[in-house]
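These are the structures in question, set out in turn.
What follows is chain A paired twice: with chain B in the first complex and chain C in the second.
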Partner chain A sequence: MDNAAADFGIDLTVDITDVVCPITFVKAKVALEDLTDGQVASIRMNDGEPVQNVPRSVKEEGHKILKLLDNRDGTYSLIVRKVG
Partner chain B sequence: MSSFSNEQLERYSRHIILREVGVKGQDRLLKARVLIIGAGGLGAPAAMYLAAAGVGVLGIADADAVELSNLQRQIIHGTPDIGKPKAESARASMERINPEIKVNAYQTYVSAANVMDLMADYDFVIDGTDNFAAKFLINDACVIARKPFSHAGIIRFQGQLFTYVPGNGPCYRCIFDSPPPPDAVPTCSQAGVIGAMGGVIGSLQAMEAVKFITGAGNLLTGSLLTCDALRMEFRKVRLHRRRECQVCGDRPSITAPFDYAAPVCDIAP
Partner chain C sequence: MTAVDYKALKNGGFMRQKQKDNFSLRLKVIGGNLTAEQLFAIANVAVKFGAGRVHLTSRQGVEIPFIKLKDIDAVKSELLDGGVHTGVCGPRVRTVTACQGSDICPSGCIATYQLAVEISERYFGRGLPHKFKFGVTGCQNNCLKAEENDLGIKGAYLIKWEKGLCTLCGVCVKACRQNAIKISESSIELEKVSCNYCGRCVKSCPSGAWQGEPGYIVSFGGTFGNKIAKGKELVPITADKTSLFRLADAAVDFFAEHAHPGERFRAAIERVGWDTFSDAIAKAHADG
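Presenting the complex of A and B:
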């Protein structure tokens, strides 16, 4: 996962595996607001509800999803480029 | 990283999720200062929603004490509060809803003598008063101090509101030049009012304050919104600034706030 994520030049890594909906998206959104246009975040989230909802919500905010990496430990890392 | 605590992220999560609010909008709310004049039918829901929204500093001004007949609509007060000053009772409710905010309680009538000082430290004013004298006073003071405010009034099954922003649409005096003659219009205590009417219109006032602070959407400037709850009809009437307005016109004759005589029944119920 580290090698794959490194390809994107991650500016910020956020872990939202310790919270549940809707705080998952809130934390992801807060992290993205701290970035500037074009920077990339890696957001680590649990399988299941977060993976189903957070990427969609992030996309609806207008950001660009670059990749969803399966960490093979029950978590995923969403690689997002901030837009705006 | 953002300076929000996890508890704040959770408390305000439904705001932060909104694209129109987000972290920046919530941050603005936390730094905002709103003065609510009147802790009654309109002020109660407005104060409660703004407290819950995390508006950093809220002023609440009311000279009266809580009475049994208030409780049908003034939901910020409860039966155990009867006899307590409304400003203090309101403060206690607001702090219970959200201990994070600061509430300044002013146990005083708003008059020409204190209105400018009272509103000086606030970004936005909510007129939750129940008489024309106070409404004209607040309008004049806000126009003179270039302070945005939300006007509202309720009676029976009806309500109305509009928002004044300096340089953007009419003021209250553009719409209603001067108070009606005494007893031409009954007060709420004479005419009655449905409690939920205060909830409808006072909540809309809170909505205007939140929109003003966060910059979301369009404010109710340049229009008067009226609600007829019996027919459940809302009307939005477009209104314009009057160049000959006594206070916000091109050559204003009112350059300092002044007091009209308050109706007798408002003083001695």
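Presenting the complex of A and C:
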């Protein structure tokens, strides 16, 4: 975990770069279900369709997106606080 | 029935089949929506009077094939009891198609079904020089293929950014497929010329900083049958429904006034001239 992500106090890191739509969102959703209200997850995803769409889906699930970090390696990390 | 008025039958949606005295009965469907009650009525008629099946048409319609000439009145009556009306064919405004839109679809920017109903109430069945098709799609994903239609409507968002609400999270920068959004340490910049009003910034924004009002992008003169041509956008995004219907009225009126009998909208526009047509549409746009 880099320093930028560490600032958020990450409780769980999940990597969804190994799956494609629609499993990207499913994997992120399942990971978030393991957290309790207020905990923070870092979801690592590929550039392109995942980073275009997964943040919106996470938002629509009602969670709070804090930041999207560019990992400078063709991936992004979405920092999400679990709501509910 | 002795003398059969085939033209009248066709007006009422009875499509003559290869098989003598058999008709594929076209039903009225708006925006691809049917209630369960309507589906039961259709199913019952298909079993009782048809071949026990239906055909889903390319434009979200339903046809019941193998309806017999002698049963037409009974069929119409039973359908009507279930809230189902017959469709139309021939030179008139056809079935208004629509995707599920913002009522159902997370991507939708406009309430497509409601709009399709309003269009249908205003224009459906109106006699014109040739067929005229409306299609309504909820967003830039264009599942409903707006530009295939004589008049296509595409849902969009007129967007604005509220600095005070923005957390500079960076989600919108990647959500935008036009690369129109740039982020700095303290602000967001929108490159307006690149924005296609897709609203993905609004849909993805976690803090409500990006805000959108529904708008309509209208295309004219699409045709995807014997001749294939994409409808053209002639005026900027339209913000309200009154203006939208003014554009639609202008297009339909132009078609009624200028087209020869049997000439499609696109062909009429090309013969009369895009400039002339564009002027008529621009005038309707400006009248608001």
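The definition used in the following text is that the second predicted complex is superposed on the first by the 83 of 84 C-alpha atoms of A that agree within 3 Å, B and C clash if a C-alpha of one lies under 4 Å from a C-alpha of the other, contacts with A are read in each partner's own complex, and residues count from 1 in each chain.
Please note the rule applied: a residue touches a chain if its C-beta (ideal position, glycine included) is under 8 Å from a C-beta of that chain, and two chains touch if they have at least 3 such contacts.
All of these numbers come straight from a predicted model, not from anything done at the bench.
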Next on the checklist: With both complexes overlaid on chain A, does A:Y76 touch chain B (first), chain C (second), both or neither?
Outcome noted: second
Next on the checklist: Just to be sure I read the superposition right, which of the two partners does A:I23 touch: chain B = first, chain C = second, or both, or neither?
Outcome noted: first
Checklist entry - After lining up the shared chain so the two structures overlap, which partner does A:L68 touch, if you call chain B first and chain C second: first, second, both or neither? => result second
Item to check | Superposition-derived comparison: chain B or chain C, residues of chain A touched | outcome: C
Next on the checklist: Output check: A:R56 vs chain B and chain C. Expected answer is one of first, second, both, neither. What do you get?
Outcome noted: second
Item to check | Contact residues of chain A, present in both the chain B and the chain C interface | outcome: 57, 60
Checklist entry - Contact residues on chain C for chain A in the complex? => result 106, 167, 169-171, 173-175, 177, 200, 203-206
Checklist entry - Inside the complex, what are the residues of chain A that reach chain B? => result 22-23, 25-27, 29-31, 33-34, 57, 60-61
Checklist outcome for this item: The answer for chain B against chain A in the complex is residues 1-2, 4, 6, 9-10, 13-14, 16-17, 19, 22-24
Item to check | Contact set on chain A toward chain C in their complex | outcome: 47, 51-53, 55-57, 59-60, 64-70, 76, 78
